[in-house]
Every structure is written in structure tokens, then in C-alpha cells.
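Input: one structure, supplied below.
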Amino acid sequence: MMSRPEFTPNEMMTIAASRALKNDDVCFVGIGAPSAACNIARLMHAPDITLIYESGTIGTAPDVLPLSIGDGELCDTALTTVPVPEMFRYWLQGGRITIGFLGAAQIDKYGNINTTVIGDYDCPKTRLPGGGGAPEIATSSQEVYITLAQSKRGMVEKIDFYTSFGHGDGGDHRQKLGIDTKGPTLLITDLAIWKPDPVTKEFTVVSLHPGVTRDQVQETCGWSVKFADGVEETPPPTDLELATLRDLKARTEAAHKGA
Amino acid sequence: MARFVPLSQAVAENLGNGDSVAFEGFTHLIPTAAAHESIRQGFRDLTLIRMTPDVVYDQMIGMGLARKLVFSYAGNPGVGLLRRLRDAVENGFPHKLEIEEHSHAAMANAYEAGAAGLPCAVFRGYRGAELARVNPNIKFIECPFTGESLAAVPALRPDVVFIHAQKADRKGNVLVEGIVGIQKEAVLAAKRAVVSVEEVVDDFSDLHPNLTILPHWTVADIAVVPGGAHPSYTHAITRVTTPNI
Amino acid sequence: MARFVPLSQAVAENLGNGDSVAFEGFTHLIPTAAAHESIRQGFRDLTLIRMTPDVVYDQMIGMGLARKLVFSYAGNPGVGLLRRLRDAVENGFPHKLEIEEHSHAAMANAYEAGAAGLPCAVFRGYRGAELARVNPNIKFIECPFTGESLAAVPALRPDVVFIHAQKADRKGNVLVEGIVGIQKEAVLAAKRAVVSVEEVVDDFSDLHPNLTILPHWTVADIAVVPGGAHPSYTHAITRVTTPNI
Amino acid sequence: MMSRPEFTPNEMMTIAASRALKNDDVCFVGIGAPSAACNIARLMHAPDITLIYESGTIGTAPDVLPLSIGDGELCDTALTTVPVPEMFRYWLQGGRITIGFLGAAQIDKYGNINTTVIGDYDCPKTRLPGGGGAPEIATSSQEVYITLAQSKRGMVEKIDFYTSFGHGDGGDHRQKLGIDTKGPTLLITDLAIWKPDPVTKEFTVVSLHPGVTRDQVQETCGWSVKFADGVEETPPPTDLELATLRDLKARTEAAHKGA
């Protein structure tokens, strides 16, 4: 059975991610899918959610999605805008962020992330942008949510470089390194919702998006996928969720085209 | 002590071959005009420093100005890849580029430590992160009270820092507002700071007392360059223009 | 998550016997009303923290609330000595007072480290200063890059911090302006923060983006106490009144 | 010969101190005599001098002398007002202060200062206010100027507590501790101007205020005073200096009485 035609896998991913956010969350937001998910949450069920972009804007409520983390819209609608060292010291390192939202070029089954290089660090096949805020977002946020579209290139048995630490080799690897935050607790792809196994910390499929099969998930993933005992079906986007997301995207496109 | 001079003079008299230099800005207030002037003047062997090197750094690398790059995120956020940087790192073109790579938290703390006159920054970072393996300028120290392992990186003290700001007053005091980024720390960490501004006003006497002001004695030279951050924007003055690259 | 409650309730439900507590303010915005309410409620065995304990701390010490004082300058700047503090230190009256004494730089760095979630603050301080001999919470570490010896003190993480501020909005966000002192760091370093304010406004939408705002989720309780800093002043609202002591 | 009646020793001290300040100095100012001296310099020959008070006010130009370092007048007339941690990190520790101005309860001949206790630290005869900003002002400012009124209690052979380090035991003691700033380079009392001997670093009288004798200086000092080879006479206050100082004091008194 195919995905119903009325929404795309990417829309489902964004909406599923938005549902995971609560009204009292304080989110450190990256650009792209995380930004859309956070703003849909704000426009839907979490009007008081605090969105923080690493440019220093705290409590933003942009009318359109920012092109980058430093858009003027973020500053104009923020409660306050602070210097970047303060952002990383008081707000991230200070433990004030409940959810750090990360994307990934490569991810492994333990939520370790690579956004640095494909190949060897010193002689890379492909040089990627690097970590930016991610290495500390991954360890200082109380929890980490990850979103990415599934592919064998993106979801791999072994990542080429540990840009951001997830659960390492699994189990209590975080605690062994003295890291007392929870790390990746949620992975939302265009096909499924994954949560770490309580003991091994391996990401396990807990919910398939409507119409998605187990085979589809396995075919687009580089490791042998584990499924939870009672895999659920992700509720499809409601009409309101879908309209809200599409309105936001349309406003965003119009605004950036007009710039 | 700030002088008001043309941009070409400010660049010529503050930057030199082999210098470490940062052109800092965070999506808005990027000192594009100063960077382009540096390309025109054809400097060599620069150590380029910046948290998020974007298209102007890509141009400088492509034109062969850079010997080394110190950075934490190499990309045009929301706009595109850095193709000249990739060519330099992957293929050594136009020549081999040495890189010193950090996280944003490390760079921000390193500028802060530079502004604070310290030799190093201490923070909770790089836990489980592989950059600590490939960058010898990442070390760990122990908290003398709790025994916790904390990351340490050397303070950033660039020879020259360029920023773009909204306003200077006639004495040479500089106002930065909106997304203030890392610019204040970068200027205070620099041996010499050069600021391009949109405009010069008589004085700042009506400003709120807690705004970000760089006193004139922290700046070497000021050049009046309206639109000097284009294609990035200047908060409250110009809007962003999506660059066509 | 800030609640709006009467001051007596905010004090009763946040402060407890044996707590470490700071009532911070820097000449203006001293949370006098909150300190006096704490005296009325008769707490005991408090560890009182403040860079410049003044007459309200003297009153708390004289009333026997304090077991320990952590401070860097004990005096009413420009006004007078702290006679009850002196009596406690010199004569053990009303009882023996333990003191942990720092410099301003150390206290400021220790609050900053507390706000930053670090176990300790590292700075260049206490060189040749004898406090390092008498205070075991002053240690020295080595910069791993230069070998320079740098001072370290434990981060300040008070159980409760009280401050006075100009305004809250209806959501509980708090504005502090003028001499902002150490208040933001103290609030962010605290396990629980209580703010007394002059007034509540609908929202802060017209404020400059870079002002000092404490988001509502950093504050436990807010009490509306006009003049709550008297006899100190509240910048842009009340002028200082020289106390008659 | 007595001081001329038209000015007091305290006025001479303040004016002599003001003359030592230059137009491009950045001064970290304490309250009392230092504050008066810095503002007289600003009103006389150094209109662009930068005065910084440790409350965070940078570039203040108060019309009246502040009652304390946190007076609203300092903030109202400042170029900018910064948080206290920034003041100590970027501005003092960052090496931006050219002159740190300190007073003292006790001082020794090497410019070491005690403002902590008289007697033993743990069981003091007299508990003083403590160091405040002084320990780091003394070592992070490029130079330190000290003012105090002479007395045998204040100028002692050995201070009871080293609140702020001056030249220690003299000679290269600062360098031995890794301190690369100059330390106390000027001591201005109500009777004389003192400078450290280039080698021993012992404070030596280089100028006597008008009408002051060597005996008067020795009688009010607890150590055996050294005089420079060519001791000069401090030029008396000019009419303008005196009028400026008295106007400032009168304005200050009127303002604080009215508060």
C-alpha cells in the first residue's frame, strides 16, 4: 500500500516531529526540517514553546520560516537576542535547553551523527560543512531529537566521523564518558518514528507512517533494522496540521522570493 | 583613538601578508566590502578565522589568499555549499589549505577568552566528539574542585578583525544591534580592529544604556561603507538579498 | 513558568532554613523588601551570598539568620560600615559567623560559571593576594597551552536568588535595565529565582532586541512590590534615598 | 612653614592626583579621592579621559560626584553600561585599563595594600570591608595609582594582610609571580608625591606639596622615608583647579542633600 496521495513523506516527517514537542519545551532549533517542525508545533498545540536559534535569538515566533539561523525575522520576533558566547554558555551549556533538534548527513543506529567528512578526515572524499553547534547540542541539551530522510547513504552501519556523540557504542557509553543528559531519544524519518531501546540504546522502529512497510524502512537503511514489539501506525496529518504546514511553506516561499 | 579613513586605506594599513584575520558577522552584518577589498589588494598566506565562513571566505580561498582556515561551520546557511573551500580541502586547489576545525561553542568561548585576555577558554564540550582526536588544539583539564573533565582551547587573538556595524558617532564609538553575534568579542580579542559602518551620527546620547557599544579606543579604523554587508543585511537598515550563486 | 504571588508567599515557598541564598543588587535594584520579608519569617542557618553585602545583610546577620557569609566587599559603599557584621566577626555576636571571602572578580566569575552550568570559574586573579592563603575555595590551575597559572573558584549555585527589577510582562518575562550588575547571572545560577518588580505590563513587544530580559521559564515566582528596592533606587523609576543609619 | 591657607592638604592631594591623568587614559575609579581626582582631570585638561566604575558604567561623565559606584548619574552619563562579569573579564582582565586607582586602609613602602583586617584574619581586631575589586585591579591594570592621607596607622612597616599585591618585597617580585603589569607607579598623599625606586621599588618622595617639610612626611609615616635626590615642590593648585574642585564638591553636596 502506498502513502496516501494527500501528503508527502516529508510533510509526514515534519508533522510527526512537531507532535513530539510540548508547550513548555525550550528548543534549540536548526534550519530545515527541525525549524518547520518547531514552528508547526508553535502554531498548533504548543503556542508558548520557546524556540532558540543559535544566532542568539530567544523565544522567536517567525511568521515565515527563516532562510538561515540569522534572519532578521528571528530577531524581530524574539523575546531577546543575546551574544553568541552567552547563547552557548548560559543557555545551552547552562542546561536550559530541553530539546536539541539535529539533522544529519550520516547517522548510525546509536544516534551518533556525522556532518564533517565522507572518507578520511585528512584526505576526505567529500568535505561536509562540519559540526557547528551540534557537538555540544548533542551533549548539553536535556534530550536530542533527530530528523532525516531515510537513505542507505545517510543511515549507515558505521559513520565516517563522530561529529556529535549519540549513544556511542550503545548501552551506558554516555554515562561512562560522564555525560549526564539523555542524548538522542527520538528519530523521526520520512518513513517512521524510532526510539532507542531502553537497554542497548539502538534506535528501534516504534511507529510506521501511514502506508509505509517494514521492507521500505529496511531498504532505505544501511543497518539491520529492529522493530519494537507493538509497532504502531503514525496517525496521518490532520487537515489542520497539513493546512498549517502548507500555509507556512507558501508564506515562506513568497517572502523569500520577494526579498 | 579610532581614525575615520577610506576602506582601502583601512585594509592596507591594518592587514598584512601572513596575518591571522577574522571577518566576523552572523548572517547579517557580514563585512563583505572589507573582504572584497582584501581580495583586490591581493594578500597572501592569511590565516582566516571565522565561525561560519561563507561565500566571501570561499572567494578569498579560491583567490589563493589563505594558508589556513580556523572555523566551526563551513557553509552558507540556507544558501549553499562552499565549492572553493571543498576544492582546496579535497583537491589542494588553488593550493593546499591547512584547517583547524572546532565546534561553535569552542570558537565562541575562544573569542570570549581572547576578549577577556585569557590564554585559553574552559568549557564543557567535545564530549565524545571526534574533533578532539584530529585537532591538537583541543585539550582537557580537570576541575580542581569536582574532578570533572572540561574542554580547553587556546584563546583566539587575531592580528586583525573586521566587522560591519550600523553606526559610529563622531568620536568613533561604534553601535552594533540586532543579532550581535560574536562581533564584540572578536573586536576586543583583536590586536587591531577595523569597522565599516552604514553611517556616522553626531553622538549616541539618546541610546538605551545597555546597548552594545564599542568605545572608540577599542577600534583602530572606521570606514563609512553604506551597504558594506551586502548581500547580507544590516538589521534595521537593509534587508537580506538572497545572493545568486 | 513564573507564578505571580504575594511577596510573603514567594519567600515562604522558596526559602528554607539552611538554604544558600543571594539577594543581589548593585547599589540600585537591591531587593530590600524581599530581605525584610525573610527577616520577618525568621529563617535560620542561611548561607548568605552577595558581592557587596550592605545594610540589609547587616540586619539579617544582626537578627541571627546567617550561619555563613560569602562575599567580596562588606560595606555600604559611600554610606557606612556594617556594624552587625563586624560584631559577628569580631565578637561572635549574636553568634559566630563563618565567612568565605573573595574578590569581586572571583564572585562575578563564580556567578557567571554558575549561570553557564560549569563546576568552576577560571580567571586571572588573586596573584599575590593573601585571600588565596585563607580561603580553601581558591585554587590554581595551569593553562594546558601556555602553562600560565590561573585562579579557579567553585561556581556559585545558590538554592535561591532574589532580585528586584523594573518590569515583568503578563507571561512573567522580566526586564532589568540600567546598572544590570550581576543579577542575570545570579538568577541563571540559582536553583530557584524570585523577582520583585515595580510593575507588570502587557507585553515587551516594543523593547529594543538586545535588552536584558529573563525569560519566564528562568524565574520561579514574581511579586509586584513597587518601591521594593527602597532605600536603594530603581533606575528610570525611583531615585536613591540616602538611608539614615 | 605651614601650608598656605587658601587650599587644604586634601585639595592639594586631589589636584595633584588629577594632574597625573592623561586625556587618553582609561581609569578604573574607586569612590572618594580617586573619583574626585578623575573628574577634576576630565573637567580640566583631559576632557576625553575614559572613566570606568566597577558597577559596569563605561565612559561616565557625572555632573556631580557619585555617592557610590552604582549611582544612577554614572549610568545616565555613560557611553554604555555592561554587566559586572563583563566588566571584570573584558575590560579589567582584558588589559583595557591604563590606570587603576586605589585607596588604602594600610599601605607599606612597596605599595602593598590592606583593606581586609587589622590583626589576625581569623580573629581580627578590626574587620575592614575587604578587597572588592582591588586584588585584580592591582594586577590587571597597566599601572596603579594610590591616594591616601598620611598617618602612622595607615603607612606601616608591615601590613596586617596582603589584600592587593603591589611590589611585594620589592625588586622583581612582581615578575617572579608572573605579573607583567607595572603595579603601583604613583602614590599621592596629602603631603607629597611618591614614586617607586626603579630598582628596589620602594616608594620614594619625589615632590613635597607647598609648605610641607620632610619632617612632616616622616612624622606621619610608619617607615623610614627615603627622599629622591632632587625633591621638587608640587606646584600649588591654580585658581582654576581650585575653583573647579570646589564647584564640583558644592554641586555634589547640594545634589545628595536634595536626594
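Letters A, B, C and D name the chains as they come in the text, with residue numbers starting at 1 for each one.
Just so it is clear, a residue touches a chain if its C-beta (ideal position, glycine included) is under 8 Å from a C-beta of that chain, and two chains touch if they have at least 3 such contacts.
The shown structure was predicted, so the numbers you read here are calculated from the model rather than taken from an experiment.
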Contact-richer chain pair (by C-beta pairs counted) among B-D and A-B: A-B
Centre-to-centre distance between chain C and chain A (centres being mean Cα positions), rounded to whole Å: 38
Length of the line joining the C-alpha centres of chain A and chain B, rounded to whole Å: 28
Centroid distance [mean C-alpha coordinates] between chain D and chain A, Å: 57
Sites on chain D at which at least two other chains make contact: 75, 81-82, 89, 93, 140
Multi-chain contact residues (two or more partners), chain C: 112, 116-118, 123-124, 148, 178, 180, 185, 209-212
Listing of all chain pairs that touch each other, if any do: A-B, A-C, B-C, B-D, C-D
Parts of chain C lying in touch with chain D, wherever the complex brings them together: 26-28, 51-52, 71-79, 81-82, 85-86, 89-90, 101, 103-105, 108-109, 111-112, 123-131, 134, 148-149, 178-182, 184-185, 212, 233, 235, 239-242
Residues on chain C engaged by chain A in the complex (per definition of touch): 1, 112, 115-118, 171, 173, 185, 188, 204, 209-213, 215, 217-218
Contacting residues of chain A [partner chain B, same complex]: 31, 54-57, 66-72, 74-75, 81-85, 87-89, 92-93, 116, 121-122, 124-127, 129-136, 138-140, 161-165, 168, 173-174, 177-179, 256, 259
Contact footprint of chain B on chain D as seen in their complex: 24, 26, 48, 50, 58-59, 75-76, 78-82, 89-90, 93-96, 140
For the chain C and chain B complex, residues of the former touching the latter: 116-120, 122-124, 137, 139-146, 148, 150, 152, 154, 177-178, 180, 208-212
